[in-house]
Amino acid sequence: MKQDVVIRTVCRLIVPFIQIFALYVIIHGASGAGGGFQGGVIFASSFILIGIAFGLSDARQRISEKANTLLSCTGLYLYAGIGVLCIVFGGNFLGYSFIPLPLDSAATRGLMAEIVEIGIGITVMAVMTSIFYDIAVKEDM
Amino acid sequence: MIPDHLTILVVIIPMLGAYTTLLAGWVKRRFCFPIAMVTICIQFCISLMLLYQVMKTGPLHYNLGNWLPPWGIEYVIDPLNGFVLVVLLFLSLLCCMYSRRCIVDEIEEKKIVGFYTVFLLLIAGVCGIAVTGDLFNLYVFLEISSLAAYALVASGREKKAIFASFNYLIMGSVSACFILIGIGYLYIATGTLNMADLARLLPPLYGSTIIQCAFIFFIVGLSIKTALFPLHLWLPDAYSYAPSAVSALIATVMSKVGVYALIRILFTVFTPAFIIMEIPVMELFCWIAAIAIIVGSVLAITQTDLKRMLAYSSVSQMGYIILAIGIANSAAMTGGILYILSDAVMKGCLFMVAGAFIYSTGFRTIEDLKGISRTMPLTAVAFFIATASMIGLPPTVGFMSKWFIALGALESGQWFFVVIILAGSLLTAIYSWRVIEYMYFRDPDMAHQAAVAGANDPPASMLIPILVLASACILCGIFVTIPLEVIEPSVTRLLGGT
Amino acid sequence: MIAPWDLLTGLLIVLGLFFMIAGPVGLIRLPDVYTRAHASGKCDTVGQALILLGFIIYEGFTFDAVKLLLLILFIYVLSPTATHAIVRAAYVLKIVPWKRGGERQ
Amino acid sequence: MIWEFNFALFLFLILCAIAAITVRNLLSAVVILSVYSLIMAVLWAEMNAVDVSFTEAAVGAGITTVLFIAALSRTTRRSKD
Amino acid sequence: MMDKEKVFRQCITFCVLFAFWILLSGYLDAFHLIAGAVCSAIVTFLSYDSLITKQKKGGVFKLLRFSFYCGWLFIEILRAGSDVAYRVLHPHMPIDPQIITFETPLTDDIARTVLANSITLTPGTITIDVNGGTYTVHALTSDTARDLTDDRTIEKRVARIFLDAP
Amino acid sequence: MIDIFTVTGLVLICTIFLCLYRVIVGPGSCNRLIAANTIGTKTIVLLVIIGYIYGRGIFLDIAVAYAMINFIATLAMAKYLEKGSVC
Amino acid sequence: MIETFFQSFFLRYNFYMAVIIMLIGLYAMIAKSNLIKKIIGLNIFQTAIFLFYISSSEVTGGTAPILMSDPGTVYVNPLPHVLILTAIVVAVSTTAVGLALIIRIYETYGTIEEDELLVQEEKT
């Protein structure tokens, strides 16, 4: 079901800004408030907004349930992959500073933490969106 | 390289496995079961290796992210951990194997992918509880496994399961919140969350109200999770309406891990010096456990539904473990920890047998099972052995553990609890004899004759776990020294390790 | 001695507060949903913009000031739309508008 | 911590909590719960817990409210108590 | 032809989002700029059709005129606020609400939206419903209602921005 | 200046209390929704004020997030009132 | 007597308030018969506990635990914040699971009042 023209237009205009703000929150997790989880939630809420304003079919077109599954797995693999990479390079799980990059220890740790945050963000976004899909619509038995 | 990291791998592998299952189910639904099976197999091997390492070299410590303990999260494995981990993963392995054919009837086909995903998440949560040495981490893993358990209970086709699951969710959330408050109190008082660190910092504060409050919150919260007697109300519905594989899993794995957490908090965080000297809580535990044993058994006698009867019997079996914790001397604790093994084995076996009856005949009530032993002989025999172990007949593991608990009660001079243990056994015999009598010595009713005659022993993937568990009941009883070798050092660590 | 910029900030904030107070008073005094939407939609938006403008002047020319400006813009797009959505819902639900001399809801 | 804010916001929270569980209409209860979450987020911001405040703003006021509304839309809005 | 237009739209979206990113971020070092470019690209890929739907002529001029309009609107909004505040705080509450409908010849979605939101923000009126070209408006007093139906100041201004038939 | 901000914040909280009256009493869900929306906008200003009292810029991020999220929640509730469903 | 009470009250009134809200939530969880009310109560209960944690991290004159260039800055204790972030994740997933269960309960039973549900359970 669609909303009327005003709401649809405003939502259309605001969605990209919400998304870029979500990504901003994910990337600036270390230097400001926020991080992967919050950014993921805000990103998911942009899809929820699309679902509210244009109907769920439109939201599904943008990000389908299968894409959600895939993305949530990808995010988790990213997170666990970094952890296992640390083990491979001789550190403990999530001991970022052991990864041999041509950077100093603190920079490596920051970069790896960023990647982990991104993984968390992707997973949270996908999971939240699929929870919304599941709760909002009656699935056909 | 890898052997150093087994501690973390035992938690990470099921998580990865869960998501791999999800992906594989996306490609083809058939792939889910093998992946789940392989994951749990690997984990079982890891847990055995961990136990071996612990027995050889002493407790293992693992710091997450190379942060040193008071600041970072620490995973610790000592003999108790290793033992519980092996028991839990053994049972999960068998439950997973059992679930393959069992859930076909009980769960809609498109939910199977989700079922195995959540199954593995539950295992991950449970393993996390077992290995972690950090209180807040314990809470997080407890919630992961509980959330998975709610979802699993509601996954079946049974109508009432949903409401049962909801009640379980409300009670479980209350308990989790209480545990969270308790952790908060301890953190405010000491400024640390590491269990070993807490045990070191707490003794000077034993007199303060805040610690006692924290203790009470922990006890109440964990009592709800383990369904200790007056707080058991969520348990019968959840156990009896869940799909059979899930009942077997939750009744063995979830409740045992709750008991493990209770032991950990009581004896490692709050040392015996506190729980025995400062607050007379152990006495209270003994009495509650005694009431739980008797009331659980009496309620089990009044049931007509087989799984519901087993659920109430779970309440009473939990009483034995709590009784052992309450007596808190070396023999009783040995018995209690052995009882974790024996209860897991026999309850798992019994729930699986009940599931097998439902699978083959569709009967849930006890009266419908008349004469079933003629067509399902192996299942009936397994049921008989597990029941014997539950009653405490000599060569079984149930007997050994009850023997140790009674020994502990005698040692501490509490004759009354020996009487309770005996009375509990008697009541157990009453309610289980009824089932055995129906199975072996009655002819089927006219209405059910065809169904009973047409029944067969369940397919191999269900029968093997049942038989393995039934034989484990006897083997662990005969070769009881093998588990005792692990249990004794852990008991010494718990009681007087300091 | 108060700096003139600070004075301007204070003035804007006080002006904004006046509108911010008028909004809820209207919300309580006015008789029905539609008129209340007038109060909440306009007074609040104005008050908010004035207070945030005051902060922009207090902040000077930095990135934070730009963020505040963005916040004002956002509110100017979103607030009327939200009001519109609610009022439309009330209209669809056939809530009868208050007429002069009618009974308060 | 700004104690004046702290006190007023706490008072507000308690009022909101009581209202949220006493009101009959479930939609109203959800609206009040979302207001409660908003104020909780402000309180946490005022207590310097910026991360938590951010999370509560995004989760409590956004996702949870929408999920509640979605659940209401598939069940019923009336409640007996 | 379509492709070219699509690419153009994507470029515009990307630039707008990147500018927005820089304003938000405030860091101008390499890492954050590259991250901003990547993020803008991702969002552009996800919702390029969302920000700009159809390319019409004179986009820049529209933007310029729109910013002037915003200035006018701000004064109107101030008036609106003081108007409502006066009516609310007046002891007798001099209000006489009524619902009016009127037709507008505007066709563009954005123009209609701007008109509706402007009506909501200007003195004494709130847009209730927009159905095709028919606006249903709730007015606080009969004066403001007359403004909307007879003078049509806002509508003319909006039409002038978007070069739509008045 | 900080004192002015504090007073402003307190006055704002008082106005939020006025709105709360409408949220709790207000006949029907529409009134409650309008009042809740008003509280949302006031809260944004309150957050900015708190940020300036502490002198930290990060509070602005929360305020921006808040503006967006509050809009989504209001829209969801309005749509539910109007159509009886979210999607 | 009363003075000391007030003194201790105002010293720790954050905690007292948190406990009051906690009790309101717990009451809703246990005594309300509507299932959605129960979940609302659960939310209130959990946020109150989080409040309790955050209150414990307060440092007089401290500022938000995000690094500033000034080395002499006093920060509030960041560990409770990190813990609560995790706990909020848990809380929102609990809410989602609860709501999904409520929807399925409504689909099978046609009601979300606990007493009516119990009556229906008795019948079958």
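For clarity, chains are labelled A, B, C, D, E, F and G in written order, and residue numbers in each chain start from 1.
Convention: a residue touches a chain if its C-beta (ideal position, glycine included) is under 8 Å from a C-beta of that chain, and two chains touch if they have at least 3 such contacts.
Small disclaimer: the values here were computed from a predicted structure and weren't measured.
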Query - Common touching chains of chain G and chain B - result: A
Query raised in the report: How short can a path of touching chains from chain B to chain F be, counted in steps?
Result: 2
Query raised in the report: Which one of the chains is farthest from chain D, going by Cα centres?
Result: B
Query raised in the report: If you average all the Cα positions, which chain's own average lands nearest?
Result: G
Requested in this report: Select, from A-F and D-G, the pair of chains that is joined by more C-beta pairs in contact.
Outcome: D-G
Query raised in the report: chain A to chain E: how many Å between their CA centres?
Result: 30
**Report entry** Chain centre separation in whole Å, for chain F relative to chain D (CA means)
**Finding:** 11
Query - Intercentroid distance (Cα basis), chain B paired with chain A, Å - result: 36
Report summary line: Per the C-alpha means, the centres of chain C and chain D lie apart by a whole-Å value of 22
Report summary line: Note: chain A residues in touch with at least two other chains are 3-4, 6-7, 10, 13-14, 17, 21, 25, 31-35, 37-38, 42, 45, 48, 52, 131, 135-136
Query - Touching two or more other chains - residues of chain G - result: 63-64, 66, 80, 85, 96, 99-100, 102-103
Report task. Specify, in ascending order, the residues of chain D that touch 2 or more different other chains. Result -> 30, 48, 50-51, 53-55, 58-59, 62-63, 66-67, 70-74
Query raised in the report: Can you list the residues on chain F that touch chain C in the complex?
Result: 1, 4, 8, 11-12, 15-16, 18-19, 21-22, 27-28, 30-31, 33-35, 37-38, 41-42, 44-45, 48-49, 52, 57, 60-61, 63-64, 67-68, 70-71, 74-75, 78-79, 81-82
Requested in this report: Write out the stretch or stretches of chain F touching chain D in their complex.
Outcome: 6, 9-10, 13-14, 16-17, 20, 23-24, 29, 32-33, 36, 39-40, 43, 46-47, 50-51, 53-54, 56, 58-59, 61-62, 65-66, 69-70, 72-73, 76-77, 80-81, 84-86
Query raised in the report: In their shared complex, at which residues does chain G touch chain B?
Result: 22, 26, 29, 35, 38, 42, 45-46, 49, 52-53, 56, 80, 83, 86-87, 90, 93-94, 97-98, 101-102, 104-105, 108-109, 117, 121, 124
Query - chain G partner contacts - residues on chain F that touch it in the complex - result: 54, 56, 58
Query raised in the report: If you look only at chain E, which of its residues touch chain C in the complex?
Result: 20, 23-24, 26, 74, 77-78, 80-82, 84-85, 87-89, 93, 95-99, 116-117, 120-121, 123-124, 126-129, 136, 138, 140
